[in-house]
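This report refers to the structure that appears directly beneath it.
In this document, chain identifiers A, B, C, D and E correspond to the written order of the chains, with residue numbering beginning at 1 in each.
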Amino acid sequence: MTTAVPLSWYLILSAILFGLGVAGFVFRRNIITVFMSIELMLNAVNLSFVAFSYQLRQTDGHIYTFFVMVVAAAEAAVGLAIILTVFKNRATLEIDEVSDLKN
Amino acid sequence: MNFFLLSLLKAAVVAGALLFTLAYLQWVERKVIAHIQIRMGPSRVGPHGLLQPVADIIKLLTKEDLIPPYVNKFFYMFAPFLAITLALTSIAVIPFGPEIEIFGVRTRMQLADLNIGVLFILGISSVGVYGIVLAGWSSNNKYALLGGLRSSAQMISYELPMALAIVAPLLLANTLSLGELVEKQGGAFLGVVPRWHVFQMPFPQVVSLIVFLIAGFAETNRIPFDLPEAENELVAGFHTEYSSMKFASFFMAEYANMITICSMATVLFLGGWQPLWPAALGSSYVPSLLFAGAAAVMIYHGLHPARPKDRYTLPAAGVVFLLIAGVFLLPPLRPFLIPVFWFASKTGFLLFVFIWVRGTLPRFRYDQLMRFAWGFLFPVAMLNLLATALVVALVSR
Amino acid sequence: MDIFLFILFASIAVFCAVNVVVQTHPITSALSLVGVMGALAVLYLLLGAEFIAAAQIVVYAGAIMVLFVFVIMLLNAGGEAKSAGRSQMVRWLGIPLFTIFIGLLSYIVQRSVPAGPGVSFGQFTGGTPRDVGRLLFTQYLLPFEATSVLVLIAILGAVVLARKEIE
Amino acid sequence: MSDPEHLSETVTAALREAPAGEGGSARRMTLNMGPQHPSTHGVLRVMLELEGETIHTARLDIGFLHTGIEKEFEVKTWQQGVPLTDRVDYLACLSNNLCYALAIEKLLELEIPPKAQWMRVMLVELTRLNSHLVWLGTHALDVGAMSVFLYCMREREDILRIFEAFSGQRLMTSYIRIGGLALEPPRGWDQAVRRFIDAFPSKVDEYESLLTRNPIWLERTRGVAVVPVADLLDLGVTGPCIRAAGIGWDIRKSEPYSSYDKFDFEVPVAAEGDVYARYQVRVEEMRQSARIVKQALEGMPEGPWQADAPHVVLPDREKMKTQMEALIYHFKIVTEGFLVPQGEVYQTVESPRGELGYYVVSDGTARPFRVHMRTPSFGNLQGLPAMIEGRLLADTIAAMGSLDFVLGDVDR
Amino acid sequence: MIQDTEIVDAARIVEFCQSLKDQGFERLASVTAVDRHPAEPRFEVVYHIHSIEHNQRRRLKCRIPSTPAEIDSVVSVWRSANWYEREVFDLFGISFRAHPDLRRIMLPDDWDGHPLRKDYPVHGHRYSYKDEEGAG
C-alpha cells in the first residue's frame, strides 16, 4: 500500500508542465493566455523546488516556492494593470497587434 | 478500517445536521425578519410554518429547470455545483466538541482535525468566489456579469481584513489547528471570566471579532454587502438566469457559508464548545434549566390559552421540551451534548445577528464598499494585529 | 495509495495544463489553470509541504487567478480568432514533436536523478507553517523584507497604471 | 452560437470599430434597465451606457403606460371625467380629483362651502401622507433597508381604511367631485382620522430612527444626484425635489387654493439638493401634513358639503322623491351632464410630487373640449439623466427613488 | 387660476420666450396644444410659463395652420420643453423646428396617426391581433 513514488516522477511532471507552459507562451496570441502560460511555468518550477526539498529533507525549497508566489502575485498585479491599459488604448488583446511601441 | 467507518459515520451525522440546519435556518430567517417587520412570516405549511422548508425543497426540486439558450452550458451547470460543494466542504474542519469516547473509540467531534485547519478554511473560502464569478459570466447576461464582477472584487478585498482578523487570535493561541485552538480557550480568569479570545487577557480580541464578522458579512454577500445580488440594482445579480435546483444551490451555498463564518467566529473568538462559565460553577446545568424554563412557560400558557387550540399544542410542546431538558441530564449523553449545546448556541446567536442586521440596515454602494474595506477595515485589522503581536511578545517574554 | 494519488492528481494537472494551452477562450484557460493549481496543491501535500499547499490555494488560486478572471470578465475578452497567417504545419508537426521532446526529457530526468527511497506521504514533516515561518524569519529574513518592498512597489505600480487608465 | 463567445466577439468587434483612446470610449456596455426591473417603479426603461459601473449616458424611454386619458376626457361629460383623474396618479388620486374639480368650478364660478373645502384639504393631505409613505418605503427598499417598507405600509393601511370609510374605495376614490364631495362624510369619520393622526408623528420618528442617522443611509444618499438649482428649474423639476435644492416654492402657499391660506403650516426647505435633502424635506412634509390634518379636524366648519348649485350637483335622494324640480335636475345631469361656460383655465395644486396642473378648455358644451394634465412626475423625470450621468449604477436607484415618480403619472 | 391668454406670433415665439425668461420667468410649466379642427388656423400651441420669484403665471398661445403644422422649438430657452414638445408632436403631429430629439414619446414609433387630433377616429378598430394571426 505504501508504495513510494519515485522522485523522478515529480520532476517529469514538472518538466511536462513547464513544456506546456513554454508551448502556450510561444503559440498563443492572447496576452492574457500568454501571461497564464508564464504562471504555469512558475508552477512547474515550484513543484520541482518542493520535490527537491523533500528529497533533501530541508525546508529551503518551500521558502523559494513562497518567494516565487509572492513575486508571481506582484507580477500579476502589475501585468494585469498593463493589460488593462493596453486594452484601453488599442481595444485588442492580440499580442501581434500590440508589438509596436508607437501608437 | 475502523477509522474509515468512524469517519463515514461522523460525516453522515455532520452532513445530516448541516443540511437540516440549512433548511431551517432559512425558516428562522424568514420568521425573525417577519417579526422585525411586524408580519407573520411563513405560517401556512404546518404549525407556525414549520414544514415550510420541506415545501420549499419540494417546490425547488420539481420546478422546471430552465437553461437559457445563450448561456455557456458547461460553466453554467458547473458554477452552482462548485458553489455548493465548496460551501459545504469547509464545515469538515470545524470542531463541534471535545474529544469523546463512543463505543470504546476516542474521537474528536470534528470531521478532520487538520493541523492547518485555519488555512484550509481560508483557502476554501478564497476559492469559493469562483462559483459566483462563473455563474455571472456564463449566464451571458449583463446584470449577472456585473454581479460577478462586483463579487470578485468584493471577495478579494474582504479576504484581507478577514485573514488579518483571524491571525490575531492565532497569535494568542499559537496553533493553526481548530481543535487545539478551542482547547486553549478553556478555563477562566479569576474563576469567572472565560478565557475566550474575545475576553482574553492581556489583549481582548473584540476588535478582530468585529472585523471578522463584518468581513464575514461581505464574504457571504449579506446585507449590507449584498451587492453581487442587489435586487434593486442588478435584478438578482449573478443568479439572475438560474432557476430551480441550480438556484437552490446558490441559496444553500449562501446559508452554508453563513454557518461556516459563524462557526469560525465561535471557534476563533468565542471559545467554541467551552461553556460561558466553568462547569464547576454549574454551567453544565444551563441547557437543562433553559429547556425546563421554556417548558414551564409553555405549560403555563397552555393552561391559560389565548386560542382554543393552544390548550393542547402548548402543553404537548412543553412536555417535549421537558424531555429534552431531561436528556441533557443523562450521564452517558452529557459529555457530548453539553459542548454541542454551547457551540450551537454561540453559533446560533451569531446567525441571529446576521439575520437581525439584514432586517435593519440599508445596502452600501459599490465604491463605498471598497473604500470601507481598504480605507477602514484593513487598517483597523492591521493595527489590531500589530498591537496583539506587541502585547504577545511583551507578555510571553 | 501514494502512487494512486500521485497518478490521479498528476494526470489532472497535465490534463488541465494541456487545456490551458489549447483552449481558445481565456476564461476556460484560466479555470484550467486553477485546476492545475489545485492538483499541484494536493501534490504539495503529498510532499509534506502543508504550508505551501495552503498558500498555493489561498494566494494562487484564490487571489491571483481571481484577478485574472476578473480582468478577463472586465475586458469581456473573447476567444482568439482562428489563426490565419499561421501554417498548419505547427498543428500537425508540433504535437508529435512536442511529445517526443517530453519523452526525451523524461528519459534524461529518469536517468540523471539518483534512485532514492522515493516519496511517501508523511515521511517529511518539515513543511508546517511553523518550520517555514522559523526559516523565513531567521535565515531568509533579508529576502523576505526585500519581497515586501517588491510587493509595495507592485501595488504602487498597479495603482498608477490603473489610475492612468481611468483618466 | 449558444455561447457567450458569440456575444463577446460582437462586443469586441464593435469596440475595435469604436474610436479607441478618446475619453475611454473603448469599454462601454449598454444596459437596458427596465421596462421590467425591480426598482424602476413601474415600466420605465432607462438605457444606460456604462463604463464599468459608471454611467456615461442615460436615456429614458417612457410611454409604456400611455392610456390616452386626455383623449378619453373629450368623450365624457364633465363629471364623468373625475374617475379618469384617479387613474393618472394612483398614489395621489384625491389631489388629481381636487385639481380637476377646482379647474371646472372656476369655469362654472361655483362657490364651494367651507366644510367641503376643509374636508378636501384634510383628504388631500392624507393623500400626501399616503403617497409619501409609499415613497419612503420603496425608496428605503431600493437602498436595501427592507423593514422601513413594511412599517410604512402599516400606516398606509390606516389611511386607506379612512379612504374606504369615506368613499367606499381604497385606491381610486373619486371622492372629490365638481361642486363638493361625492358623499356625505361617514359617521365617526372624525374619530378614525383623529386616532390615526394622533399616533402618526411617533411613527415618523420610528422611520427616522431607522434611517436618518444611519451611516450607510447617509453614505448612500448624501451628495448623490445633485444638480444645480438653475438646471433643475430649467428641466422642469418641481415639488419636494426643488424644495430640497433651496427653493421654498409651494403652490399651497404661493397660490393658495381650497382655503389653504387658513391653515398654519411650514414649507420645509433644504439647501443641499441631494437625495438626502429630498428625504429630509419629504419626511418634514409628512409632519407638516399631519399638522394640517389636525387643524382641519379641529376647525372643521359646520354646513353643507356640496355647493348650492342644483344644475351641477346631484340632488339629495330625499328631495328627488319629493320635489319635481330636483327630479328634473337629476334627470338632466345624469342624462346629458351640465354645460360649462366657454373658456379656458389652468389650475395648479401642489400634489405630493410637485406642480400638478390641469389645463381645461371648454367650448360651452357638456363635454370638455380639451383637458391637458401637467403632471409632476413627467416634469421631474426629465431631470433624471442630469442627476445620474457620471455617477455609479447604484446611484441611479437612489436618484429614481428620490424623484418619487409614478409611471401612470408620467405616461397618462 | 384664469389668466389672460396672450396670442403670440408663431414666427417669433422663441425670441418672445427668451425675453420672458430674461424677465424672470424661469420655469416652463407645460407645452400643449388644442386642435380646433375644422377652423383654420387649426392648432393652438399653448405654453404655460411661471415665475417663482414674481409668483406669476402667463399663458402664451400660438396659432398655427394645419399645413404646415410647424413651429419653432423653445428647447433652447427652457430644456424642459424637450419632452413636452415631443408629446405634442406625438399626439398632435405638430413638428417643432430645431428640436434636438423629435421622436414619438408616448406611442410606439410605428404608430399611425396622432390621437389627440379631433379627426382621429375614436370608434372601430384599425388593427387587431387577429390580423396578425392570419398573417403569421
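What we mean here is this: contacts are C-beta pairs under 8 Å (C-beta built on N, C-alpha and C of every residue); 3 or more make two chains touch, one makes a residue touch a chain.
Being a predicted model, the structure only gives us computed values, none of them experimental.
Minimum number of contact steps separating chain A from chain B: 2. When C-beta pairs in contact are tallied for each pair of chains, A-C comes out on top. Remark: the per-chain Cα centre closest to the mean position of all protein Cα atoms belongs to B. Averaging C-alpha coordinates per chain places the centre of chain A 67 Å away from that of chain E.
Work out the mean CA point of chain B and of chain E, and you get 61 Å between them.
Between chain D and chain E, the centres computed from C-alpha atoms are 23 Å apart.
Centre-to-centre, using mean CA coordinates, chain B is 32 Å away from chain C.
Along chain B, residues 137 each make contact with two or more other chains. Under the contact definition stated at the top, not a single residue of chain E touches 2 or more other chains. Looking at chain A, one finds that residues 87-88 touch two or more other chains.
By the touch rule above, chain B contacts chain D in their complex via residues 33, 36-39, 69-73, 137-138, 140, 142-143, 146, 150, 223-224, 226-227, 230-233, 235, 358-368.
By the touch criterion given at the top, residues 1-13, 15-17, 19-21, 23-24, 27-30, 32-33, 35-37, 39-40, 43, 46-47, 50-51, 53-55, 57-60, 62-63, 65-67, 69-78, 80-85, 87-88, 93-94 of chain A touch chain C in their complex.
Residue ranges on chain B touching chain C, taken from their complex, read 75, 115-116, 119-120, 122-127, 129-130, 133-134, 136-137, 145, 148-149, 152-153, 155-156, 159, 176.
Chain E meets chain D in the complex at residues 1-3, 5, 26-30, 32, 34-35, 46, 48, 52, 55, 57, 59, 78-80, 82-84, 91, 104-108, 115-116, 120, 122. Residues 1-3, 6, 10, 13-14, 17-18, 20-21, 26, 29-30, 33, 36-37, 40, 43-44, 46-49, 51-52, 55-56, 59-60, 63-64, 67-68, 71-72, 74-75, 77, 80-81, 83, 90, 94, 98, 101-102, 105-106, 109-110, 113, 115-120, 123-124, 126-127, 131-132, 135-136, 140, 143, 147, 150-151, 153-155, 157-158, 161-162, 164-165 of chain C touch chain A in their complex.
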